[in-house]
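Going by the order they are written in, the chains are A, B, C and D; count residues from 1 in each one.
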Amino acid sequence: MTFDSSVVRRDFPVLQRVINGKPLVYLDSANTSQKPDSVITAIDHFLRNSYGPINRSAYLLASEATDAYEGARAKVRKFINAPQVHEIVFTKNATEALNLIARSWGAANLGSGDAVVLTHMEHHANIVPWQMLAAEKGFEIRWIPLTPDGQLDLSDLNTLLDGAKAISFTAMSNVLGTITPVEQIVSAAHRAGAIAIVDACQSVPHMPTDVQAWDADFVAFSSHKMCGPSGIGVLWGRESLLDAMPPFLGGGNMIADVKLEGFKCAELPAKFEAGTPPIVEAVGLGAAVDYLTSLGMESVRAHEVEITAYAMRSLKDRYGERITIHGPTSPACRGATLSIALEGVHPHDVSQILDQENICVRAGHHCAKPLMRILGVTATARASFYLYNTESDADILTDTLVGAFDLFGM
Amino acid sequence: MPGLEDLYREIILDHYRTPRNRGELPPPARMAEGHNPLCGDEIHVYLDVQGDTIVDVKISGQGCSISQSSASMMSAAVKGKDINDVLALVKRFKQMMSIEEENADTTGEIDTSIKLGDLEALQGVVKFPVRIKCATLAWNTLVQALESPER
Amino acid sequence: MTFDSSVVRRDFPVLQRVINGKPLVYLDSANTSQKPDSVITAIDHFLRNSYGPINRSAYLLASEATDAYEGARAKVRKFINAPQVHEIVFTKNATEALNLIARSWGAANLGSGDAVVLTHMEHHANIVPWQMLAAEKGFEIRWIPLTPDGQLDLSDLNTLLDGAKAISFTAMSNVLGTITPVEQIVSAAHRAGAIAIVDACQSVPHMPTDVQAWDADFVAFSSHKMCGPSGIGVLWGRESLLDAMPPFLGGGNMIADVKLEGFKCAELPAKFEAGTPPIVEAVGLGAAVDYLTSLGMESVRAHEVEITAYAMRSLKDRYGERITIHGPTSPACRGATLSIALEGVHPHDVSQILDQENICVRAGHHCAKPLMRILGVTATARASFYLYNTESDADILTDTLVGAFDLFGM
Amino acid sequence: MPGLEDLYREIILDHYRTPRNRGELPPPARMAEGHNPLCGDEIHVYLDVQGDTIVDVKISGQGCSISQSSASMMSAAVKGKDINDVLALVKRFKQMMSIEEENADTTGEIDTSIKLGDLEALQGVVKFPVRIKCATLAWNTLVQALESPER
C-alpha cells in the first residue's frame, strides 16, 4: 500500500542538490517541508500566465485567478473533509489561524472566571495567543500534563474541562511525535460544554484528516509543512461559530458596506480574509493537496510508520543506552519526528556535525519551551522524516552520529 | 571529522569537558543571566568585584560546546583582573568574532596588543556564523553582570 | 531619463499572452501588478535550490534561506530609506500592517476622549481597523474632507489635529490618483503631538520613497502592487515606537522565552513576525525591489506622468464632455490611476465591453465606499497604468470605449 | 460589438434605457434593499401586496445594464400576479441562471412549463458568470421584500 520513497524523492528538486559531492539528507520537515516539482511549476505557470486579482472583476485574467484561488479552497475542503467550502479561511500561517480564534472567538466568549485548557506539549503558537488574551480578559489557563513516555495524561481530563469554555491542543507533537487521541478529547470537551480547537500543523501533512470524524470546532494548519508554499495557512471552523464571531482584521474584501459611521461584515469566508489574500500561495497549496492526494494520505502515513520504525531500530541497535529518543516508543502511536539526545553531546553540536554530511536536522527548543522544561533539557536535536525520506537517509543519520560520540565522548 | 577541526579545537573540547570556575557565588556577588533564544542556551555569570578587581567568577548554565567552552575560557581570563583590562579584552574578543559594535566611534580604539592566549582557539568559530552567538553569549553576560549592582 | 515601456513590457511573461488574437492590455495595476520574469525566476530558483527554514539552524539550506530572507529585508530598508533594518516588519499584506498599527500601537495608546484623523479618500484597509478599535475603545474618528478636484482639503487640518493622537492617510489615492502632501501633513501632525501613519500602498510602487524625508512614524505597503508576489506586505515603523508597543500576534519566533505563566517578547523585528513568515515571498519581493531599482524609481514616475498625460489627453480629445475623469486634472499631481465615468454607461458595462478587447480594468468601489458616496456614484471604471503600459495600451483603451457609447449611448 | 450580442440583447438595452415601474411606494408598502458588494449595485424593491396578489411594484436604485434591466423585466413580470405564481417564477428564473438552490430537495420541483417571455433575453448572461449576480440581484431582493412585513 505504501510507495517507493526513492521514486517520490525524485519529485523534489532541492533533494537532487549535491554539496561537496554528498547528497542532501533533509530531515527537518516538521519545521518546513520541501516542495515537489508540481507545486513549483504550478506557481511558476500561474505567475507567467494567469496572475490577476481575485475579486471577480469582469475580465478574463481576474476570473481565471479567482477560479484558481477558489478552486484551491475547494481542494482544501475536500482534503480535510470539511462540510462546507466557505468554512475554509485562508490565513498567512497556522499561527495567524490560532490567533484569529483567540482574538475573535476568544475575545467574544472568554472573561474572568472562565478557563481554557491547553497541554504541556503545545507549540508556542498555541500558547502565546491564549496568554496574551488571558492577560487582558482574566480567564484561567489549565494544563494537561504528560505521562513519562510523552503521551497526554488524560486521567484528570474531565476535572480540567469542568467549567472550561475551550480546549486547544495539538493532534501531533512537533517535538515528541506523539499522536494525541483527538476524538476522545473532542468528545470529552463537548460533554463538558467546551469547544475543541485542534492544532493540526503536524498531523495534516502526514496522515488522513477528517474534521467531521474528529467532530472538532476549529482546526488550524500551515501549507509550508505539507509540500505547499510559505505564506498561507488554513483555518477551518464550524459555520455557526464563524458566523457568530466578530471580525478579526479589518479592510478590503471583509466588508459588505463601509460608511463613515461604521461597517458591515461580508459573508464567510471573505469576512475573515481582509486585504489581498495569498493568491499565488493558494494556487501552490492547491497543487500540494493534489500531490498528496495522488500519493494517498494512507500511504504517506504507512511510509512514515515504516521509516520511523526503521530509524528508531537502527539508532537503538547502534547506540543503545547512549542515545535517548524522546516520546512514545511505538511507531504506531507517533509521527516521524524523532527528538534525540546523545549522551554528552549538546544538540547544537549534534546538528553541526550532521551538517558536515549535509544532514539537515534542527537543534533547539522547537517553539515548545514549556515542554523542554518538562523534559529537563534546553534543546533537542530533531530529525523529522517525510514522504521523500528513504531508509538510506536514516542510515546516513545513524552512521554520522558516530562522529559526534567520537568527538565529544567523555 | 573533516571540516570541523577549525571549530572544535582540542583546547575547546578540553574546556567543554572540564569547565573552569563552574558554580555559583552567594549574594552580594553580582549576577547576570544570558539567553540565546534561538538554541535555548543559558549562561549565568557570578562576579565578586572588589574595588576595580574581579576577585572571583563562577559560571553556571547549560549550552553547547562552543558556548560552554567560551564561558570557561572567559572565566579563566578575567579572574583576578582589573575591570578596565577586562572591558578592553571583551572588545578585543568581539573584534576577533567579527562583531561590529554599534557606536564604534564613541567606544574608542580596540587595543590589538592585548593577548588572547587560549581564547584564540575560538577564532575558527567565525567560519560558522550561526555559532558566533554561542561564542559571545558568555561575554555579553559578563558585561551585563559588571553593570549590575550587588545583590 | 525615462525608459522605453515597450521594452520593459517584454520582461513580463503574462503580457505576452494573446487571447483570441489580441494582446493583453493590463490596466489594473492599482489593484495588483504583474510580475517580471526576474521575480518569477527568483522564486522558482529559490524553491528548487535553497528553500529552508529561516531560524538560523546550523545547516546550509537553513542559512541560505535565512540569508535570502534577511537580505530581502535589507533591500526593502534601502528602497524606502528607512534608518534601520530591524524597523522593517514583514506582514502578509498592507492590510495586516495597518491592523497591526491599530491593534498594537492604537490599543495601547487610544481611549475615550482621544481622536484619530483619517481622510475621505482612504481605502477600507485604513478605515475599518480604526472603526473596529474605536467601537471598543471609544475614541473619535475625524475626517479630512476633499476639494471638488479630489485633493485633500487641508484648510481645517490644524483644528482636526487638535487633541488627536494619530493621523493615518494615504500617500496616493487608489481611486482618484491624488498624490497627497505627505511631508506637510506629517509636520502638522507632529506639531500637534500626533503620530503620522502613511498608507503608501499606491505610492511606493510608483515613485521614489524616503520615509526619513517624510519624517513619518509608520508606513505600510504591499509587495503584490510593486511587481512582487502576493502573500507579503511591509510595515516600517520608528524603532522607539515599535519597541514600546505590545506584540500583535503571538507564537513562534516572536518570543524570547515562554513559561506556563507567561512569555517574554523577542527583539525587533521578530517581535512582530509570529510564526513561519512568508519566506519565498520575501525572496520574490527582494527581486522586485532589485527590478524596480534597476529601472530607477525616478524613471518609473516620469514614465507614469507621461503616459497619464497622454491617456487623459486622448480620452478628452476623443470624448469631450461625455467622459469624466475623477480627481486632479494635472498629471504632475496625480498617479497613473484614472477613474473614469462614461455618460449613460455603467462602469460594470464599461469593463465588460473593454474585456472583449482584452483590456483589464476594474469596475467597482475599489474598497473606498465612503469616497464613492462623496463622488455620488456606486462605482467607477478604473484604468491604472504602470511601468509596462505603453501609449499603444492607452490608444486601445480610448478606441474601444467607442463601443460602449455605441451600445449604450442614449 | 462582437461576442457581446448574447449579453446585451436589444430587449435588455430597451429595459435599461426605459425602465418600467421605476419609483417608490409609500408605507405601508413592503420594501427590501439588495446590494452587490462586489460592484456596488443597489436595488430597492417596493411591493403593495393585497391578499395573495402583488397589486403594485416599484423599483429604485442604481446599477449596471444587466441588474437594472433584470429588475425592470422582473417588475413587469410580477405586477398583478399571485404570490405563489411569482415564487414559482423566481425559481424558474434562477434555474435559467443556473443557480442551484441549497436544500433543493425540500423546495420542490421547478415548474418548467412557466413561460419566461421577455426574461428569456437574460439567458445569455449565463455565459458571463461574473454577471449572474447582477441578473439575480432584483430577484433575491423581491423575495426579501415578500418576506418582509408591511412598514
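Throughout what follows, contacts are C-beta pairs under 8 Å (C-beta built on N, C-alpha and C of every residue); 3 or more make two chains touch, one makes a residue touch a chain.
The shown structure was predicted, so the numbers you read here are calculated from the model rather than taken from an experiment.
Student: Please identify the chain with the largest separation between its CA centroid and the CA centroid of chain C.
Tutor: Relative to chain C, the chain with the farthest C-alpha centre is B.
Student: Going by the touch criterion at the top, tell me which pair is linked by more C-beta contacts: B-C or C-D.
Tutor: C-D
Student: Give, as an integer number of Å, the spacing between the C-alpha centres of chain C and chain B.
Tutor: 47
Student: Using Cα averages as centroids, what's the distance between chain C and chain D in whole Å?
Tutor: 38
Student: Just how far, in Å, is the C-alpha centre of chain C from the one of chain A?
Tutor: Centre-to-centre distance between chain A and chain C: 31 Å.
Student: Between chain B and chain D, what's the gap in Å when you average each chain's C-alpha atoms?
Tutor: Distance between chain centres, rounded to whole Å: 79 Å.
Student: Counting only residues that touch at least 2 other chains, which ones in chain B make the list?
Tutor: Expected reply: 38, 128, 131.
Student: Which positions in chain C touch two or more other chains at once?
Tutor: 55, 57-58, 255, 257, 348, 352, 363-364, 369
Student: Spell out the part of chain D that touches chain C in their complex, as residue ranges.
Tutor: Its residues touching chain C are 1-4, 7-8, 13, 16-17, 38-42, 62-66, 68, 128, 131, 134.
Student: Show me the residue ranges of chain D that touch chain A in the complex, using the header's touch definition.
Tutor: Contacts found on chain D: 35, 37-38, 128-131.
Student: Using the touch definition up top, name the residues of chain A that touch chain C in the complex.
Tutor: Against chain C, the touching part of chain A is residues 13-14, 17, 19, 24, 26, 28, 31-32, 34-35, 39-40, 43-44, 47-53, 55, 57-62, 91-96, 98-99, 102, 120, 123-125, 127-129, 131-132, 135, 141, 143, 222, 224, 229-233, 247, 249-255, 257-260, 262-263, 274-281, 348, 351-352, 354-355, 358-364, 367, 369-370, 373.
Student: Of all residues in chain A, which touch chain B in the complex?
Tutor: Within the complex, chain A contacts chain B at residues 346-349, 352-353, 356, 363-365, 369, 372, 378-379, 403, 406-408, 410.
Student: For the complex, give me every residue of chain A touching chain D.
Tutor: Contact set of chain A toward chain D: 55-58, 63, 255-257, 266.
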